[in-house]
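Quick one: structure below, then a few questions.
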Amino acid sequence: MQTTILEPLFNFENLVKPVHHSNGLTGQDIISVSQFDRARLAYIFSRAHEMREMVGRVGSTDLLRGFILACLFYEPSTRTSASFIAAMERLGGSVIPITQGVQFSSVSKGETLADTIRTLEQYADVIVLRHPETGSVQIAADYANVPVINAGDGIGEHPTQALLDLFTIQEELGTIDGLKIAMVGDLRYGRTVHSLTKLLTQYRVSLRFVSPEILRLPLVIMNEVIDAGLDVRETHDVADVIGDADVLYVTRVQKERFSDLAQYEEVKNLYEITSELLTKAKQKMVVMHPLPRVGEIHYNVDSDPRAAYFRQVKNGMYIRMALLAAVLGKA
Amino acid sequence: MQTTILEPLFNFENLVKPVHHSNGLTGQDIISVSQFDRARLAYIFSRAHEMREMVGRVGSTDLLRGFILACLFYEPSTRTSASFIAAMERLGGSVIPITQGVQFSSVSKGETLADTIRTLEQYADVIVLRHPETGSVQIAADYANVPVINAGDGIGEHPTQALLDLFTIQEELGTIDGLKIAMVGDLRYGRTVHSLTKLLTQYRVSLRFVSPEILRLPLVIMNEVIDAGLDVRETHDVADVIGDADVLYVTRVQKERFSDLAQYEEVKNLYEITSELLTKAKQKMVVMHPLPRVGEIHYNVDSDPRAAYFRQVKNGMYIRMALLAAVLGKA
Amino acid sequence: MQTTILEPLFNFENLVKPVHHSNGLTGQDIISVSQFDRARLAYIFSRAHEMREMVGRVGSTDLLRGFILACLFYEPSTRTSASFIAAMERLGGSVIPITQGVQFSSVSKGETLADTIRTLEQYADVIVLRHPETGSVQIAADYANVPVINAGDGIGEHPTQALLDLFTIQEELGTIDGLKIAMVGDLRYGRTVHSLTKLLTQYRVSLRFVSPEILRLPLVIMNEVIDAGLDVRETHDVADVIGDADVLYVTRVQKERFSDLAQYEEVKNLYEITSELLTKAKQKMVVMHPLPRVGEIHYNVDSDPRAAYFRQVKNGMYIRMALLAAVLGKA
């Protein structure tokens, strides 16, 4: 065998990984909003606010240069995957985008989620996972040695959405305590409403739930709100809350939830937010929506300074930047 | 609530965005070839030429480092999306590739193009959009606050293709004025022919249009050429132009355009460019094609130095680099 | 025409491409394991080992900064495409991911593979190609002026898999010469077994082939092994080899290969590797598998330190990093 003498590619003496002080999230998975108490929320919001400042000034940074995110989406979600990709890229990191076709390849050969995850963690420093089955992200996290971030698992959790919703309230209004927050639309099936409500039980807020009878907030979540001792009311009519709400959090009322279409036709207009309706609202309040919208908020609202839903989208990028930096030990 | 004292992530005093002098394209959308007069064409071609030099010497640069391009393709186009992605990456920028599956996600939930664009602009600094509907890119640009670049909207425009075609003529032959340019094939439906012809009306060129009767250049474009006072002729036979053409711009004659297949069989061979045909052509001339080709140019032409169609592909990358740098204020 | 005086974008005097000494692979295509003799294997393994050290210390480097990889997959393979993407990104390079939808775009318009490749090489510095047809990657390489790396062409070759398999043996056991290596499962159709066996004929190893009768190693490969003068035995039962194997290379026995399902049911349990079976194996040995697995290796093996299949996945990234650096003249 021929002896090969090679000049070394790298001078290892110069290759030393800098140490960053931990914040309790380094190396952690982000699975559920239940991981976030007020101290941790304050921490993440503070970091997300810094990301907002940084992006506003220079667009991006090198904080995560050399790190790789595997973005694994078993069901497509352009909005969420684009947000995570942008977050990683604005921090100088790289992405392995697997946002299509997962179903055609290894999985179609019968590979388990656990094996797919243990394969991807050989390549990547952090994994963002969206999966149609509730609980699947926890399973993935149990097997992975790198942090796994939940980007939605079926009717389960979508914690980064809840964090960006709450962050938006704080960024827009400067505080969360003391606010009157109205949730409007499908409160029964909308997981964003459930997760945000859970987070809000940690604050001193008044909650107003506006929905048709068949789409009322589930009992179990209502009881959490009551147990937290919050001021809470339910109503069928947005007119009851528009006058003094600080936040109007609107979700889609899905036609397909109604067996009686006449009932749908009756309620749907009660929940369309228009510029006319907003003349009755406070001057300092915000209209939010997790998007996509399909008629719940009229386009004539878009130019209203209180329309916060696109700023809310941008806040999603800042929150994900803060989370990526945190779990990778860079914040 | 626990007070959190954090070391700031960024030293904002060092984060200052450098200022670049405007060139009239900073922040602009690129929708149509009608935006380009000769001065602006000269500007872009000069920048594209610099990009070519730079890539030839070092491959890439950091000019757009930290910038993010959202590449949103509602219909797949491997060639065009790969060209834009390469252009952004050779300038040091990052990409959010949404080149598949747009139809499965937000759009399938009923989101409008306007909302999709206003979402993506929260993440990206510039958006490249391909869409099957004519006029859709203008609508997107109307809503977006970041520059939108048209990568083809149905039978409408595909301006970067026309720019790269014209740029190729200049790079290959050193000039545009004074040339005799022959367009061959489907002149009726081929949008690349229409856009290139429009740009050429700004130069002192002779135009030759070679097509079957049913695929002649549309009246409206022919009239533009005549109004511009250019020397122009139409013919059915490529033999009429091969002897003194400086540029032979070949497009595909699509079988499916003919109701009478006998008619198709009759004309198709008139338009196949072969090495035998090129023996009758000038020594200094170029054969171009927007690609993909399906038989219009024989493979025996590929080794001919006058075969410019793959260099034309590369020029597409340079033109897109120049445009991206320009609209982002970095040129 | 208006004269435009422009400040140049780049100072070309500072733009000089550094020269790297060649290693015989610079600019080469990677098509087949037959390109690798022991000296070249030693070279690549040495570089891959350096990549492993570097990644372990700092995660990534700038060696290929500014270089672009076009990752062109005509059939999806999440594992392989993700591995190449990660390899390029950990070296600081960029990727044009074309891992879906190739069938919908240029190809569906009738473009040949040769034209697609000659288009992509205008954008990229290196092309990784997976294609369902045997021999197609060689055709692509014949046309391309940039290096083309075979990521699998049908029942043909998948050379980077064979290299990572052999590299894993060396990294895990410190040597290859002198080992007793057992291949288990489908030895007839498994191309990974064929390629690895070919590479192993260059070493002084003992080979044991364990398979059902209908899935025995093809004659032609068996003859290569015999011609190389290696100690070789075939058996139907893994029990015959478990006691003294240094390497147990397991592949999937595919149910669909059997016309008589009773026959399948009879053999399948002979080839399931379990922790119980491993009690009979040496303390210093490794279990390998190209993955995905579907029951051939029980999950109770995963925690055994001899289970090397996920480390094998990671070695794939290092091998691909070494190859990318080598063909791009940076090693």
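Going in written order, the chains are labelled A, B and C, and every chain counts its residues from 1.
Heads up, the rule we're going with is that contacts are C-beta pairs under 8 Å (C-beta built on N, C-alpha and C of every residue); 3 or more make two chains touch, one makes a residue touch a chain.
In this text, all values refer to a predicted model and were calculated from it rather than measured experimentally.
Participant: Call it same or different for chain A and chain B: same when shared residue numbers make up over half of all numbers used at their interface.
Facilitator: Counting shared over all numbers used gives less than one half: different.
Participant: After a C-alpha superposition of chain A on chain C, what does the rotation angle come to, in degrees rounded to the nearest 5?
Facilitator: To map chain A onto chain C, rotate by about 120 degrees.
Participant: Using mean CA coordinates as chain centres, what's the gap between chain A and chain B in Å?
Facilitator: 38
Participant: Touching at least two other chains at once: which residues of chain B meet that condition?
Facilitator: 97, 100
Participant: Flag every residue of chain A that touches chain C in the complex, lowest number first.
Facilitator: For this pair, the touching residues of chain A are 1-2, 4, 6, 8-10, 12, 15-17, 65-68, 70, 94, 96-98, 100-102, 104-107, 109-111, 115-116, 118-120, 122-125.
Participant: Along chain A, where are the residues that touch chain B in the complex?
Facilitator: Residues in contact with chain B: 38-39, 42-43, 46-47, 50-51, 53-54, 57-61, 63, 76-79, 82-83, 85-86, 89-90, 92, 97, 99-100, 291-294, 310-311, 313-314, 316-317, 325, 331.
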